[in-house]
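Chain lettering (A, B, C and D) follows the sequence in which the chains are written, and residue indices restart at 1 in each chain.
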């Protein structure tokens, strides 16, 4: 089972499973302690310059946008970041706080490519882009979540993706076929937005769970923002609905409309005008800065942001939500 | 990344991922077709002599007992079987229909060891016992469910478990630590009992899901028994509750009290007297045969079995169920 | 084309929609594939099972999704788990078709959506693979939907993001990709292409109405196989156009 | 012992229960560990987080579970997923203690629950590892609960099912097992043992009331380290016995 090919991409977040185990032993309390705090407190306490950080799901869908904005507001920098992004990573790139990327997709979906990504990468501001497919990056987190050093896959084989990743190709010792081994990804910090959490961090999500389960189990610090804070009695009534148990969680932020201008399944739809405003303004570096000024640096916090958006517009988003079938 | 150690246990179910893919392409319809049938029809159609078969979860908990009894009733033999078992595998061993075992645990839990297992293995009736831990066998199914040839783990290292398994030890090429590679397990047939399914096979489970998700995705034929058949509208109302989607499923059997004498979370508790009857009778080969005569060969089908049990006793099991918190 | 009662994009969507095979699982990427899937489900393929990468399976496409994770991708769906479940379902061989886009395509159907130029000093940084590489690796057949011009139909893509037939016959299998998989068709703004089974190279199959073979050749940066039989695609029907304009993309995100 | 107001099993459960550290995660196997966990949660360790292998986490132990998958293992729990989630949580280092049984134990705390005799022609086929090997591999510290006699406390187990310290210091790490893990204690019907940190060999720690060092030695098939200081465990308190008999095991499955 020798190594047939090694991607030349940098493993920008090296890992040590035993060190991760030790962290999980000593830095993650098993006690039910109240972790509710504000966006400011959570980011100040757990996000630091140079850390490796990721957000789930992505900008227009159940994304921790209020946390993403607070990271910029507090001037964090030199971040190493994984994943796909729509809006949230755009904001970070525009703010110049991203140093290295494990990139899968950064774009504007229906609205095309990301001008921020182009400016940040083509100028050299982002020092490294290591390539992964969406599944591969999720499986890398899944490896960490499983507590194993790698997971095999048949993705990325035969392509330049493998070459510019940090994966390795080996021959499966059971059947002789080639597989790519994806190294575990243990994030320093993860930000996840959920429908409901209790004060200790037990979380429920409605609809698709994206890669929340994997990411929550693949990070050293986990900041949860939640549309609603519910009682632990409610959690204990449906333990099979807890996708993220409390002991994984370091902070719980109550963030109604926390995914705005993105959507939140069954709660509110996306704010198309809000998204289009970014699409237009982000075309130029100046426009992107003006947007940041207006929506990130301007308001003091998420409440301030929501005031700018206004209750009428938020109510329209609620009207647009997908409803459970009657 | 050379192989440092190879378990000497037989890989009693060799696998070919491309062949499994081809099966999933050609033998699993994507159409919503009515799959409701009886235990007799499902076992007759999909379970064959010599096949590699598994049941989820285990005898006293959400186990497809009505299907397990029907397998015996129809005289299937030479089965190769995986897993842990309480009661259901005992019945199969007593009936002499098991040829090889990927074994994790076969016993009677609170009531001690299994006399059936002892008789079947010590006499040589079971030709091979390949050893795995409970997690390892689940991860083997998870590998198949992921469509990959193996999953790494730190279980089984350094023990005789590794030696008498079919796992291999290698050095992780990313960190240099040793890991065991567990080969994918693709079952010929899987039997899973759930709380609710629609006629096409979309399934919901309440409470712990054991290894239902993994097993359902790691088999060529999947027979579901369900306490209740519900409408597809109900399924579509809560797509996030579907743990087994219809396209994985070959047969849907309506089996109320299908887990008896085991329990079904939130529906009925275990029938302690029923379990004890087996515990006592199975101590001798003759007793075990008498039990089979009474509860398996005697009744024509599951309805016949339930008649023997009687509605009063079933009602007592319902009284014993764990209730959702008010 | 401006005098035609439909746009190139509308035509491309219609031709793509007709490729959906009823009763199959289809991996749907953002954009044009979503419109094509919706159109197919309202016309010739009412029983397709749309699969969206972040977990939605079997949704009823009543409103156009604008993103592969949004609520419409699991609206009245049969299941809604996560990306690992969906991608592993594809890796296990359960997804029949994948519908994809890209910035460049080569004669073997390899797609590029990562960079124009050198990877480490790109002329243009593109969005990245997203789920594209996975779809191209694991789905049984893939269908690319592309603008047709010589900058996009190139002899060699700057970066192989999503595997087509790689370097030709047998190359996918040699690389370890699943047996029997590969690109099936390209729907462009000018024509419908398939692949020659011998050489695995792209081949013209049917022209869009009003397009000539020469026009296709002129807009293709490599030698396209031109078979003796080249048919012409039907133009969008009135019903197709009505569905697209009045039901599927009322807000004109794409058309 | 028959004149004592408690049985050996009751004493063993009480001594085991006192080992639970409040506010920790504890992997609970079938049988005695369940009674010990319940007793601990009602006495000195009200905030333990019981973890059962098939998915139940953080249950309120109001009724004695008789099986590691039944509803009582997630009754009012904080989560109820599946065995992979639970075992992976352990593999990631989140489970502090594992409570285990076995048919044989050796001086290094290795446990056997697979066969007596040769594997392929056993004198006695035992149930198998179950989750035992996983618990012994991944939990930070394990505690074995055993009947104490010379057939069970053997110099070398017939089959190493659950790893203790394997062959001694450094052996776990050399085998690839997680750093810093290993057996912590053995609670038997006669005494409480721990392990000498230098040699990783089993060491007497405290006698049960009414037991002598000689009795322990006579019932141990290998040389047990006997330190100068050997204390005596407190007998079950009235409250412990009341809880065991009237609340925890009213139906007398175990006691």
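What to note about this one:
Definition applied: a residue touches a chain if its C-beta (ideal position, glycine included) is under 8 Å from a C-beta of that chain, and two chains touch if they have at least 3 such contacts.
On a predicted model such as this, the values are computed, not experimentally measured, just so you know.
Here the chain-to-chain distance from chain C to chain D, counted in touching steps, is 2. Centroid distances from chain B, each centroid being the mean of CA atoms, peak for C. If you compare B-D with A-D, the chain pair joined by more contacting C-beta pairs is B-D. In terms of their C-alpha centroids, the spacing between chain B and chain D amounts to 28 Å. For this pair, chain B with chain C, the centres built from the Cα atoms lie 40 Å apart.
Taking each chain's centre as the mean of its C-alpha atoms, chain A lies 37 Å from chain B. Across the assembly, chain B contributes 17-18, 146-148, 153-154, 177, 179, 207-209, 236-237, 239-240, 325 as residues in contact with two or more other chains. Counting partners per residue, chain C has 56, 74, 76, 80-81, 84, 91, 138, 178 as the residues that reach two or more other chains.
In terms of which chains touch, the assembly is arranged in some other way, matching none of the line, ring, star or all-to-all patterns. Listed by label, the pairs of touching chains are A-B, A-C, A-D, B-C, B-D. For chain A in complex with chain C, the touching residues are 57-58, 60-62, 84, 86, 103-107, 109-110, 113-114, 117-118, 121-122, 129, 131-136, 138-139, 142, 153-161, 164, 169, 177-180, 207-214, 263, 265-266, 269-270, 321-322, 325. Chain D meets chain B in the complex at residues 30-31, 53-56, 66-76, 80-84, 87, 91, 110, 114, 119, 122-134, 137-138, 159-163, 166, 171-172, 174-178, 253-254.
Considering their complex, residues 23-25, 47, 49, 56-60, 74, 76-81, 84, 88-94, 96, 138, 140, 178-180 of chain D touch chain A. Taken together, the chain A residues at the contact with chain D in this complex read 17-18, 20-25, 28-32, 144-148, 202, 217, 232, 235-237, 239-240, 242, 245-247. If you check the complex, the residues on chain A that touch chain B are 1-3, 11, 15-18, 146-154, 168, 170, 172-175, 177, 179, 181, 183-184, 205-209, 233, 236-240, 324-325.
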